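Both complexes shown next keep chain A, but they swap its partner, so chain B is in the first and chain C is in the second.
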Partner chain A sequence: MRRFAFVVRGVAWRSIHNTIVSPSIIIPSIVFPLFFFAAFAGGLSKIAQVPNFDYKPGYTAFQFTFVFLQSAAFGGVFTGFAVARDFDSGFARRLLLSAPARGGIIVGYVIGALLRWGITGSVVTVVALASGMNVPAGPGDLFALLALGVLFNLVAALWAVGLAMFLRTEQAGAVIQMPVFVVLFLAPVYVPLHLLTGWVHSVARLNPATFALEAARGLLAGTPTDIALAFGLLGGSIVLWAAFARRGLRSAERAAG
Partner chain B sequence: MGAEHASVLEQIGAIARRSIVRTFRQRGLLVFPLLFPLILFAINGSALSAATRIPGFPPVSYRAFALAVPFMQGALFVAVTAGVDLARDIETGFFNRLALTPLRGGALLLGQLGGAFVVACVQAVVYLVVGVASGVGIASGAGGALVLLALSTLIAFGFAGLGTLVALRFGNGEAVQAVFPLFFVSLFLSSMALPRNLIKTPWFHDVATYNPVSYLIEGVRSLIITGWDGQALALGFGFAAALAIISLGASSLAMRSRMART
Partner chain C sequence: MPDGEAIVASGLVRQFRKGPRAVDGIDLSVSYGEIYGFLGPNGAGKSTTVHMLTTLLPPTSGQASVAGFDIVHQGRQVRTVIGAALQEAALDPILTGREHLLLQATLQGLPKPKRVQRADELLTRVGLTEAADRRISGYSGGMKRRLDLALALVHGPRILFLDEPTTGLDLQSRTALWEEVARLAREEGITVFLTTQYLEEADALAHRVGIIDHGHIVAEDTPERLKAEIGSPTVEVVPVEHDQAELLRGTLEQFGTPVSADGTVTVQLPGGEAQLAELVRALDAASLHVASLTLHQPTLDDVFLAKTGRKLEGAADEEPEEAPADGGKRGRRGR
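Moving on, here comes the complex of A and B:
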């Protein structure tokens, strides 16, 4: 157990250290969510005037929840990029050879993703509050919203780290990122689910990200809805993608010889 | 024929042929820039359809309104492809070896953009075909569709000039990739998602008004949803031409300074 914790600590520390000291890594991680927030909350705010748009805290808060979860997801995705880069540079191979408990590598990277999101999520939240976002939620709701973000980050990180371990090249970046991007944008990003029409409505109704997003919006508005379902789905997803990441690690172990 | 005897056109042709062949050999560079804007178009075209119920929104489907966006996103990807390709030539030393030949800087620059130009043309045709196949009518008719292709190719060429400028100034692909988000910022802070008169947030409205990308999008969009709008087209072509002239002019200067260093 001590050896496992040693690997977790080392990988997590390296992951977050690399993030903080590399402007080329930390700046896009922070700028992208802010930029989506500015573009959506600023550029599309008139959408709140669409008949039957009924989100009480307003359009800024409506978009904040999306960007909050998106930043959580991309904290995981960017960590997947880092894993792929470690394989390209040869570091991951040396890590696999030297780590006394290899399962700790996955956990270390996932904790690194969480710490990375700690930075970006905080910046996004501060900017949203500074821009005058309404927050009717109570402390319990906000804590649950944070927990939802953490689970969302874990799901994305396990997916990205697992896939990076299967593919083991930086060129896999688009393959890691694209499904997350598509799943996120097939949720009710711009308007509530009941205002979506056509095929996007049909897909969004079944999209797990929709449940997380709707639950997050309910929590921020202080009117929690379908919380158990959202947490249950995210919990199930973590189990599924943890198994996937474990198989990715095995694949990398076999390739490392 | 030795390069010292080849005409400028032959020099451009030789470099362009290499650029085109190399671009088409890298399928990843072709498929992702082609698919990504189409995926966003498919999603946003439906997900934002509620926006058509905002009072004052043009009387067209949101899909028709949004069809201009893939052309712009495609142009941004072309910029990155052009820049990364040139940066790779600089990093591998191929550019230095070319600089030692009698090849002219202008020919090298235009030839390097050959691949980007072909990709821009292919992308524009694909976006137009997909748009029409998804039920979007082109208000300006078949002639307008041709003008649309010309405008979007000019826009892509202008952005490709920016990509090559970054590559020549910094000499590495990472710098080109790092500038890509800035290109995207310019797209998002424009009238991409809503007409400017419906952008409520004052600072966003001001940024979109001063952002030339708004006029590029509105030029393309006017052909799709309005018909022949002289002002929108003049602004669209004007800004696209200015972008191409400025970016290629600056690239040409950067090329001269890099070749002098060689």
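Moving on, here comes the complex of A and C:
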């Protein structure tokens, strides 16, 4: 267990070190969610005047929850890119060779993703608060919202790290990102779920991201709804994608990195 | 010294998907403290063997143990007792040399004070103290190789795997690395498993050499015995006066059948180098003045030629390169 912890620490340290010292890594992670926040919360703010738009804290808060979770997901996706890059450069082979407990490599990357999101999530939150976002939530609700973001980040990171370990090439970037993008944007991003119609509504109703997003919006509004369901779904997803990442590692081990 | 052998392999096979058997039933036994040279052309199966022994690649069949630990079932234990510098020194261009060493020491579970101390120690030993806090992107190929060796040594491994450690290095860097490898075995008792395609490297460093071709070990012994097995040394004599070539030839006939070419007369010494003194006395008795006299021992290239029917130099051009480990996704490895 001690050796496992050392591997986790080493891999996570490198991940966050490279994120901080390399602008090409950290800037996209910050710019993406800020761009979406500015474009949606600013450009689409009139949506709040649509009949039956009933989110009390307003459209900025409505969009913030999406961008908050989106930044969490992208923190995981960008970590998947870093893993794929490590396989292309051969550095992953060094990790496989140097780490007595290889499972620690996955956990290290995932913790790196979480720390990376710590930076982008903070920036997004500060910008949202500075732009006058209304926050009716109490401390407990905010803590639960943060926990929801953490779990969302873990799900995305495990998916991205696992897939990167299966594919082992930087060219896998699109394959890693696209499903996350699709799942996120097939949730009720611009308007509440009950205002969606047709197939988009049908898909959004079943989309697991919808449950997380609705729960996040409820928490920010101080009126939590279906929290247990959202946490349960995310917890189940973590178990599923952790097993997937473990299989990815096995695949990389079989292929000599 | 621990009991048993440092490295033991029995019937080790690795077959790649839709590919040939890169390693085809290798048996190996390397003692503690020994430098074992694994010599062969590109694509012979050297790197694949190292990847299996370092737990990077599972064997298709056969067994092997490193420091008494099974490479398949006790990979974790194997990785704690070995150090390895693979063919491509895969380093992170964003990290500095010192950060690499600290990271490697963390992965291997060294406590923090020890990590810092060990990093300083190794940076000094490989001559990278001044470049220690520079990013790797600014390092030369030789500096990367030296750092790679330091990384392999960070946790004080008992067994060191070096996969073509001097490929691409200039003569000075190569000699320095040879000296360090020899010192590690001599002074620290580290077992070294070294793959190379350079005959002089195997000859200079290895206590024993295994020659691998098409995934098989075709010969294995000390370099001296391998060469002795092939035949006796030859002597090349150049007379001062060209017109004495015939007299020289006649004098050397008592040792064997002399061959003349470009004013040089060459003869094989069936009794080995011990006959050299006798030959010099014969030249003196015949009042022959020689411009040069050179004793040529058989080389490992002669051994490779005798065992495979091909010269080691250029042998790789005649065979397919080693299949990539992931079934064809990555590019072919260049020489």
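Quick note on the criterion: the second predicted complex is superposed on the first by the 256 of 257 C-alpha atoms of A that agree within 3 Å, B and C clash if a C-alpha of one lies under 4 Å from a C-alpha of the other, contacts with A are read in each partner's own complex, and residues count from 1 in each chain.
Everything that follows uses one rule, which is that a contact is a pair of C-beta atoms (placed from the backbone, for glycine too) under 8 Å apart; a residue touches a chain by one contact, two chains touch by 3 or more.
What you see is a predicted model, and the numbers here were worked out from it, not measured in a lab.
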Chain A as common anchor, with chain B and chain C clashing or fitting: fit
Partner chain in contact with A:Val50 - chain B first, chain C second, else both or neither: first
Contacts of A:Leu195 with chain B and chain C, given as first, second, both or neither: first
Touched partner set for A:Arg254, first chain B, second chain C, both or neither: second
Angular separation of chain B and chain C about chain A, which is computed from CA centres of the superposed model and rounded to the nearest 10 °: 90
Chain B versus chain C as contact partner of A:Ile238, first or second or both or neither: neither
First (chain B), second (chain C), both or neither touched by A:Val21: second
Partner chain(s) touched by A:Arg93 [first = chain B, second = chain C, both, neither]: second
Which superposed partner A:Ala101 touches (first chain B, second chain C, both, neither): second
Which superposed partner A:Ala39 touches (first chain B, second chain C, both, neither): first
Superposition-derived minimum Cα distance between chain C and chain B (Å): 15
Those residues of chain A which chain B touches in one complex and chain C touches in the other: none
Touching residues on chain A, where the partner in the complex is chain C: 2-3, 6-7, 9-11, 13-14, 17-18, 21-22, 89-91, 93-102, 168-169, 253-257
Chain B-facing residues of chain A, complex: 24, 28, 31-32, 35-36, 38-39, 41-47, 49-51, 53, 171, 174, 178, 182, 185-186, 188-191, 195-201, 204
Chain A contact footprint on chain B (complex, rising order): 28, 32, 36, 39-40, 43-44, 46-51, 53-55, 174, 178, 181, 184-185, 188-189, 192-194, 198-201, 203-204, 208
Residues of chain C touching chain A in the complex: 51, 54-58, 76-77, 79-80, 84, 86, 88, 90-92, 94-95, 99, 103-104, 106-109, 151, 325-327, 329
